[in-house]
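One chain, chain A, appears in both complexes that follow, with chain B as partner in the first and chain C in the second.
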Partner chain A sequence: MDREKQKNELIGFLRTIQRPDYPLDEIDENLGLTESGLIDSLALLQIITYLEQTYDVDFREKGIDPGELRSVRTILDLIAREIAT
Partner chain B sequence: MNCSALNEAYRSIAQFHENERLIARVQSWKIIGWLTPNRRRHVLFIGAFFAGIAGVLNRYAPWREYRHAGTWLVPAVAFPVLLAIVYLLYLMALHFKRLPKVVRVRPQICCHLFFWALLLVIWSAPDSSGFGIAVISLIALSFPYLIWRVGYMLLSGQRGKAAGTGFKDHLFYIWPVWDGTNTPPGKGHDNLARAEAQTAEAYARSFLGGIKLLLLVLVWKVVMQVIGAVVYGDPRISLTPLLSGHNLGIPRLKSIISGDAAASLMITWVSLYLELVWEALSIASKGHVWIGILRLFGFNVFRNTYKPLLAETILEFWNRYYYYFKELMVEFFFLPAYLKYFRSQPALRIITAVFAAAFVGNMYYHLIQHKNPLIAGDFVALWQVLGARLIYCFLLAAGIACSMLRQQKQRSSSSSAALPRGGIYRLRSIAAVWTFFAIINFWNIAANITIPERGRLFFSLFGF
Partner chain C sequence: MFLDINVGHLTELLTGRTLNRREIAFRVAERVEQYQDEGLARGDRVLVCYGNNLEFFIDLLAVWHLGASFVPIDGRLSAFEVENLARAVRPRFILVDSKADNSITTAITAAGAKVITPPRNVSKQAHSVAMPFNSRTRLDDEALILFTSGSTGTPKGVVHTHRSLRARWIALRESLGVQSYDRTLCLLPTHFGHGLICNCLFPWLSGLDLYIAPAFSTDFLMQLGHLIDDHKITFLSSVPSMWGLTLKASKPPQSQSLRRIHCGSAPLGAHLWKQIQEWAGTREVFNAYGITETGSWVAGTTVGDFVPEDGLIGIPWGAVIRILSSREPAAAFDLDSPCKTEETGYVWINTAALMQGYDGQQQLTDEVMSGGWFLTGDVGLIDQRGWLYLKGREREEINKGGTKIYPQDIDAVVERFEHTREVCTFGIADPLYGQNVAMAVVLKNDDAITIRALHGWMKRHLAEFKMPIRWYILDSFPPNARGKISRRVVQESCAQRAPLDLQKILRAQP
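Moving on, here comes the complex of A and B:
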């Protein structure tokens, strides 16, 4: 799966978990997801589950770096690293 | 002047730190230009040595009172040993990938095991007044303060973020000049580096953000003085005598629970809610000092407390009340449990992780916080101060778990259910959150009574 497709799928997923009162048409790749208020900490858990289930990411050994889940770009970078390894 | 003009005037005063002209003016100050990120870190690094020495001496003085033992040679030996331990842990974070697998997989547990090994040595020593044991005791006394901070450093190593960092990039938050509690405000290197101002403009913004928080501290202190004098009639507050005995005379919750003050059922409930307000103001004013100083040094991190009394859910309150304690519980207890257990059962997964953080983690944090009885092996004293907290932590965890599951269900069932609602609905939600935290706080107040006695008092709140 190429990065663009991964991005579209991820943004589609983020749309399902974003705060309902957050009026945003475009999600910029570099937008801080929690800092901007788009999602809350509970939604971060849903992103973790999404990555585990969709890309088989296993966070158990290296733990979770919140910085890696900061924006669409950092999440896509994480997916790329996981696929490469 | 109409309402919107007043509102605008209030906003421009309250949000002065976002005023672009003011930011440009502060940016033009020589000191702001001179204090580059590197220089600021140098200042904090040098300050860390003084903070470390002061911290060790501060812990030593009460310990001496507790055990009536030791000489001033003890801190003189303990401080360099502690510094060496921190440096060793820094090297471990730096070369994390070369560590044995058992340490790599569970670095935090290894660190805590070291602390408990020190305790075992102290508890099993035949002569507790010896010089060596006194040094080990002082090292162990300092550990509850350091352990979460070095925990963040090890997390940084685990994430591969410590590579290329210097000792000075870590020591300043391990022995911070802003001191604080055992909870590290601003977290560790990863979060601080992310929030660090790199340009003069960003530094000016951070600086003004810090000034704003420090001004807010003054405001909250004044509010606390007024509540203390007008509501409680606290004689220790300088405003109280000026009111010539005119106050509401509502007793503090601790006095009611301890039996030092008699109060009707209604006054007890009022005292319960007031205690929550008081605690929120107290924690906000302390947290604003720590974060204010961090921002003055260019680390534009989140506030520790942000309008918790306006939270509409239990989860939101916990997130806003003491943000960095919640973050600590999440990073060291919630996430490890969340990643490890019940991955295919979402609800059970969340409940387990919440209980790992808000119940187990919370209890453990406070167990090692009571360092004097812990190191002295005084388990009776520990039970006296922590027994009731078991119930508090259990109720807190249950509340957070319910709140999380409810929010998740609302979100997935229909988008309209999760839409924000105003007016009465909002007030009702806020009142419910206040009531929940006011009630569970009953089990968190330090008072010299047994758990059954506290239980009887608790049920009398509901007319039983």
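Moving on, here comes the complex of A and C:
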């Protein structure tokens, strides 16, 4: 799956968990997901679950750097690293 | 001196700033001088709009030294809510963080209060200064006011005296000892009882070291295992909703420093309980039951042969607990009518750590306190072993991940919106927080312009975490059997309907 497709799927997923009262037409790749208020901070749990299920990443085993979930771009970078390994 | 001012070291994990006992004494002495110059005297109150940092604890001791009362509030509250609380508290001055939004200081000024922003730079020029002798404070002086609800209407402030706080700490020392709390981590907000009275002050004022993290910080939760190892943490308290993220994202601690974990402020299910035990590598994970009014932790499972169970609390920690069939205050004196063993009823607590009352609300106080007994609002039973189990809650609060949100606070804001006819806020199940906020509203006009205006009105008046995540626009509310509006009936009616697509309406904003 190429990065563009991963991005579209990720943004599609973020749309399902974003705060209901956050009006946004487009999600910029560099937008801070929790800092901007797009998603609730504890919703990071849902992103982790999405990555586990879609890309078979075991965070319990490897741990996670919070910065890796900061934005769409950092998450896509994380996916790229996981696929490469 | 009756306060245990043999404090431990303080470390702020976000910045790495740390203070030893001598430096703390020096900083407290500095603040005492400054606040004395500001006219702070015995019987005064100081409202504090920040928490979870070094300054908070320095200010607490300085305010207590001068015989005044410390009133910490949630730093996430809206300017409207802060102004409302400031008017109710009538503080000598209000401490505001330098990072606070301008709207907060404007609101405070509008309430006629003085704003002080304490400096954050930690002075290292600590001379040999002894901790100030606490000569002005009396045991029955008001020490702490913690607001549990009413930020948008009539505030409900729980007043604790030095006597009730000291009773809590002594009870905890007798019930739990202090051996496990050498290096305590606080991840909870310091403006509520669980975080402040028990997680922080109980160990810190026992001379043990305290490590302070930003409240509920997801960055810290995802690194909790490392954090515990790096600082050799021996104890932390928590709320159940914190653990979802930690168990998924954080490696377990490896150093075996952790001796005990408490979990409270919301029901802890047996499954999660066992997962925490496994992650932490210790069986010493206790479901700590507490209420702000009782000085927080008042019962829990202590060392012994217990298996995590849904609803299990355990034995009292410095309290007597009775299950009564009545919730009327007079029932507390009626020793002939307790529930039988394993019979469910209302949970009443008698403890020396009980609050003085709700600030300026005698009637409200009388509804829950009688002869030293306190009606918790919880429903439960005591089994053959004398262990307390909770079975439900009678209070209307919405427990969003351990943060209590009162539907009345949201109703009060929406009712003031010019196009509102009726409003009813209620809790809904939430996979992350356990519960979250939903709202049903009847509007005079329910077009998109009005809904957007209502949303803007609520954003201006309510803290972000109180905003309903689900909206229902109704033509009228279904009455209950007695013809009145019931939150439960409205909630059940809404469960059959599709919620408003608020995002679509807001995105279509011209």
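Keep in mind that, in the parts below, the second predicted complex is superposed on the first by the 85 of 85 C-alpha atoms of A that agree within 3 Å, B and C clash if a C-alpha of one lies under 4 Å from a C-alpha of the other, contacts with A are read in each partner's own complex, and residues count from 1 in each chain.
The working rule: contacts are C-beta pairs under 8 Å (C-beta built on N, C-alpha and C of every residue); 3 or more make two chains touch, one makes a residue touch a chain.
Note that the structure is a prediction, hence the values are computed from the model and not measured.
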Contacts of A:G63 with chain B and chain C, given as first, second, both or neither: both
Most chain A residues touched (candidates chain B, chain C): C
Partner chain(s) touched by A:G12 [first = chain B, second = chain C, both, neither]: neither
Intersection of the chain A residues that touch chain B with those that touch chain C: 20-21, 40-42, 45-46, 48-49, 52, 59-60, 62-66
Chain B residues within the chain A interface of the complex: 104-105, 155, 158-161, 190-191, 194, 315, 319, 330, 335-336, 338-340, 343, 346, 350, 404, 407-408, 411, 415, 418-420
Chain A residues within the chain C interface of the complex: 18-25, 34, 37, 40-46, 48-49, 52, 59-60, 62-66
In the complex with chain B, residue positions of chain A that touch it: 17, 20-21, 40-42, 45-46, 48-49, 52, 59-68
Partner chain A, residues of chain C touching it in the complex: 216, 218-219, 222-223, 225-226, 241, 244-245, 247-251, 401, 432-433, 455, 459, 464, 467, 469-471, 502-503, 506-507, 509
